[in-house]
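Listed after this line are the structures, all set down as structure tokens.
There are two complexes below, and they share subunit A, which is joined by subunit B in the first and by subunit C in the second.
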Partner chain A sequence: MIKNSRWINLGFQLAALVLALGFTTLILLAAGAPPLEAYKNIITGSFGSFKKFSDVLVSWVPLLLVSAGLLVTFATGLWNIGVEGQITLGAIATTWALRELQDTSLPPSLIIFLAILAGMAGGALWASLAGALKTFGGVNEIFGGLGLNFVATALTIYLIFGPWKRPGVASMSGTVPFDEALHLTLFPGLRLSPWALVIALIAIVVVYFLLQGTYFGLRLKAVGRNFRAAYRLGVPTWQYMMLSFLICGALAGVAGAMQVTAVYYRLIPAISSGYGYLGLMVAMLVNYQAIWAAPVALFFAALNIGSIQLPIVLKLDSSLSGVLQGMLVLFVLIVEGVRQQLSRRS
Partner chain B sequence: MKVELHGIHKFFGNNHANNDITLNIPAGTIQGILGENGAGKSTLMKILSGFIHADGGEILLDDKAVFIQSPATAIHYGVGMLHQDPLDFPPMRVIDNFMIGHTGGLFPNRASVTRDLRLLAEQFGFSLDPDSYVDSLTVGERQQLEIIRLLWLGARVLILDEPTTGISASQKEKLFATLRTLGEQGKTIIFVSHKLEDVEVLCHQVAVLRQGSLVGEAKKPFDTKKLVEMMFGKEISLGARQAVGQQGGVLSLRGISIEDVRLKIKDVDLEVHAGEVIGLAGMEGSGQGSFLRACAGIVRPVDGRVRVRGRDLTGKTYHVYKRNGVEFLPAARLEEGLVPGLSLTEHYVLAERSKGVFINRERGVRLAEERIAAFNIKGTPVNTVESLSGGNQQRALLSLLRSPLSLVLIEHPTRGLDIESVIYIWGKLKERCRHGAAIVFISSDLEEILQYSDRVLVFFSGKVSEPLDAATTSVEQLGQMIGGKGWPEVGAS
Partner chain C sequence: MDSTTIIIGLASVLAAAAPVIFAVMGETLSERAGVINLSMNGTILLSAMGGFAVSVRTESLFLGFLTGMLIGAAVALIVAFSSITLKQSQVAVGFVLALVCRDLSYFLGNPFMGLAGPRLPAWSISGLSEIPVVGTLLFKHDLMTYLSFIVIFLLWVWIFRTQPGLMLQGIGERPAAAFVRGANVSVMRYVYTVLGGAIIGLAGPTYSLSVKAGWKGTISGLDGIGWIALAITIFGGWNPLRAAFGAYLFAFLQWLGLVLQSSLPGVPSQVLQVAPFPLMILTLLLVNIGDAEWVGRTLASLPEPTRRFFARAFRALRASPPAALGVPFERD
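Right, the complex of A and B next:
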């Protein structure tokens, strides 16, 4: 029976994938583009060569970090929409630390390490604001987070055009790039940093074990599923909510730190690159199971990178990947709803 | 309007909530509906007002069979219901609440509606400001608003569910006067209550429900004794009472006062001894719920001191109480007691004091197997709690209690359970008493209260009786007190 239902579930998931592809195909047809050509381009653009695949991994790192963090808040029943701002604040804190330390005599590797820690703290701090608003102010974390996202963006722009502006004229291209010594080491010839990859993998593995096998994870889940019963069973509920926010914020902050130390080497206005919202989609899509986060995030990263060459080759906008990602999440949720309806009826 | 109910049946799962209920209410009658909690009163009224549909039987209004599809249909036929908790929109203005059910046109004519509201309010001597916000009104005023709203919409049958809970004495008088006037105008009033006194004063005739069936009807003047007997049934013995030897104080309340939106409980003293069982009797919402929660630190008393085994825990949180050996078991098992989606094993792991960081799965499963066997739970360690039956959920709740304990506070320990589970659960609870714990519990089952308690506190509208000796109190006495009879006259409630 259990085995049977597992196959049925898989069938439903596949149906969602087919529906999402079908819908995106319709959009492509409506736009007058050849769908097969477009999909072929996405696949060759992401897995066509080793170099391209390494670019997918560059995008996978922040997405995986953010998704890992969001798995924690989702387990606690929290919709941490503020994750975008938490990435941004991580990036800002990292940039700040690098700026402060770049002229000291500390070894560069130590400076980078401290800057990543600063990013972690920055993200956690920003998350703690959303958490405090929720636990002490009664502000829903969705609204609090959304508001804080705007503040974070405004802060970035202010820093780029104000105190941290380039000598001469400030520009949307961001702050002055850091010296090469302060970049995370890359694989030779690639844009991918082994350190970033390792950090992301550690994060997801730690979160997996945290949620699967620890008292901490079990308590988070209890708080998420039934706040009042968890309290009655002796779980200090608001403290756990707060911790959950802090963990997610710290991981988002690391994602921001990776954007600064391994991708852009400076603070740019759109430093979070939408990875926060994309991470929310990944977390929803994997139905809060950590084990699926890595492959699904990889798939999403591949869509992102694969669609980059669409404008050049097919004169299509690269936001097509976003359409496909959005469709996928919507159809998976719809199909899940239908499945539950059906199983309730039977 | 004449209201007739013929052979109404309603099932909720296996629960026969309304069993073949037939009722005739002539126009202009004030009909009382009496019964304890869960007797089926609200179900019947919800059927009549279109909130739920009957599984069988028919409704006749003025000799015409009708199908009442929804509350909107009900009001179309002239049937309006006033709910126990007013179903209004507190953040909106009185006038907006008044207009909201109206189905005329796209743009309401505020000025004329305001005039109607004022006229109706004046007619019954209500003072309602159309522009004030509903959340600034008292429960009584919200009720008044709801009554004139329903009348404005054309209600000729008015159903009131426990309308005298939470309103002041003068508002009650005004309400009764209004209802009498409406009766004289030929409107039919259905008055659902558990307060014998109110029913006796107001109603022309009364129907008593018990366990889903109509067990009797009476016309004015009423015989209180007979009504109580109908409400609670005859005494059935659950076996010999067994008192447990009492030693040492466990819980000490001094001058406890509790306030919530509806009720004020003033100045209660109580000493509970180890091994003792205290039953709290009273209709739902009479204050016993807040009282029990105050003993656990979940509700904070506004005054007075709470001591557990001599330690002053006043104002501390439930977790501090818990560390001092107090456990609270709520009636809403899946809402407050257990975590849906988590398995039995996960519950036991959660409830135990954690050892280290990582959960030892095997130990957890072993623990679950032990408890499942010890408490005779029909389920396996991997079953999620919501997949268990009510009785097994209750056993699971009990099996989660830690040892040793000083005090167990329980809401409705056996509500909805079969007799076998009842006896089993009380066996387990009495075992706790023999190990030195005291138990304070709420039940609406008077038999249960008298059977298992050593002493009983009766609650009525926030008033708390002196502890009664369960051995020398009868079901009838208790029933009268629950209905507000036989209380010494001390101050107003």
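Right, the complex of A and C next:
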């Protein structure tokens, strides 16, 4: 019987996938584009060669870091939409540390290490603002977070055009790129850094064990499931909520640090690249289960990278990947609702 | 700056606020019934693109606005279906829809980028528009700006001065009690969410066919407005008049930013454009902080006159959401 219901669940999830693909195909047809051609392009653009797959991994790193952090806030029942700004502040703090330390006599590897730590602190600081607004000010974390996201973007632009502007003329292309000694080491011939990969994998494994196997994780989840009951049972609720924000912010900050030290080597206006919102979708799609976060984040990263060549090859906007990702999450939510209603009725 | 420039500027603030008014009023209606439509940011973009595309193809402004309303209603229907019938999280569904609709608008709007399209003409109301100051301020707008004034008024009357409006309040505050009095809670929630969505859907075409005519994809400058409108809805305390005040305040601050830009050449324009956001956080803080436990404790320890002053100030600013907002209704 139990085995049976597992198969039924799988069937429902497959139905969601088919519906999402079907709907996206309809949209492609409506735009007058050849659907099969578009899908083929996405697949070859992401898994077509070893180099392309390594690009997928480059995009997987920040997404996985952010998703790992969001699993913690979701476990505590918090909608940390401010994660986007937390990535940005991580990138800003990393850039600041690199700028301060680049002319010192410290060894470059130590400078990079300190800069990543600064990124962690920056992300955590920004998350603590959303957390303080929530716990002390009663401001819903969704609205506090959204507001802080916009402020973070403005701060980035201010820094790029103001105090950190390139000599000569400031532009949207960002700050002056850092010296090559301050880049994270890459695999030869690829854009992927083994360090970044290792950091992201450590993050998701740590979060998995934190949530599954520790007393701390259990208490976090207790706060998320039933705030009042947790409070009555003596869990210091607001402290746990705050900690949850800090952990997520720190991981998002590391994602921002990776964007600066391993991808762009400078601060650019769109440094967070939407990974925060994408991470929220990953967390929703895996139904807040850490074990599935890595493969689903990889799939989402592949869609992102695969759609990059759509504008060139098929004259389609690359936002198609976002449509497909969103449809997938939407249909998973809807199909799950249908399944719940059906099982309640029977 | 002389007084004529200021009056014309203020008139432009009223026009620029029109789409925000539609969004905030639609959301207020929906939330009054107990359903949060978090998709607003995406809905505005998609209805702006859809309305513009249809107007370009059919050369009919009416069909453009109708398309916007239909898109808004359709998105709201998805929110209503998943939350009322399927009992899924409104926040999750709404958030995903906000992202999907945004990406859809960029994807489907690609062929319409930068095209020249129709634009809603100004319509001075003869007689009234000749009145000094007030005429320029209120009666030299286009149809949608007038409609935005009317919507505020209608919504206020509907919620606070009519029988069905009373029932609407009940559905959002105490659905069980409303149900006992014979209201079909689920159906009414569907109706108000979809109707609210249709009003939100007017915001998009009001941008793309009037306030910021045209469709420019990611640089249309519309991304983010829906989130602000959501915050204004809270600031407005689910009261159309207070919400309208919030929307006008927001539009006024944006205009002020533009005006100040010429006198502050060192500050990039993008920084001034986000000035409303810290302010939004601050207002939300003021609206909510009176409820915080530690504030209550601190207040209790203050000397009586000071305590009374702060307690009164917090109560005036305070805005409590409809009690059943976001809570699914179970008949049993």
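Just so it is clear, the second predicted complex is superposed on the first by the 346 of 346 C-alpha atoms of A that agree within 3 Å, B and C clash if a C-alpha of one lies under 4 Å from a C-alpha of the other, contacts with A are read in each partner's own complex, and residues count from 1 in each chain.
Rule of thumb we're sticking to: a contact is a pair of C-beta atoms (placed from the backbone, for glycine too) under 8 Å apart; a residue touches a chain by one contact, two chains touch by 3 or more.
Remember, it's a predicted structure, so these values are computed and weren't measured experimentally.
Of the two partner chains, subunit C is the only one that A:Tyr158 touches; subunit B does not reach it.
Taking subunit B and subunit C in turn and counting the residues of subunit A each one touches, the greater count comes from C.
Touch criterion met: A:Leu148 reaches subunit C, while subunit B stays clear of it. By the touch criterion stated above, A:Lys52 is placed in contact with neither subunit B nor subunit C. Once chain A of one complex is fitted onto chain A of the other, the partner contacts of A:Gly213 are limited to subunit B, with no touch recorded for subunit C.
When both complexes are overlaid on chain A, the residue A:Pro236 reaches subunit B alone and has no touch with subunit C.
Legend: residue contacts after superposition of the two complexes on their common chain; A:Lys221 is shown touching subunit B, with no touch to subunit C. Subunit A has no residue lying at the interface with subunit B in one structure and with subunit C in the other. Listing the residues of subunit A that touch subunit B in their complex gives 213-216, 218-219, 221-222, 225-226, 228-236. Partner subunit A is touched in their complex by these residues of subunit C: 38, 78, 81-82, 85-89, 91-93, 95-97, 99-100, 102-104, 106-111, 217, 224, 227, 230-231, 234, 266-268, 270-271, 273-274, 277-278, 280-281, 284-285, 288-289, 291-292, 294.
Against subunit C, the residues of subunit A that register as touching in their complex are 27, 30-31, 79, 81, 133, 136-140, 142-144, 146-148, 150-151, 153-154, 157-158, 161-162, 277, 280-281, 284, 315-317, 319-323, 326-327, 329-330, 333-334, 336-338, 340-341.
By the touch rule above, subunit B contacts subunit A in their complex via residues 318-319, 322, 328, 330, 334-342, 346-347, 349-351, 354, 356-359, 361, 400.
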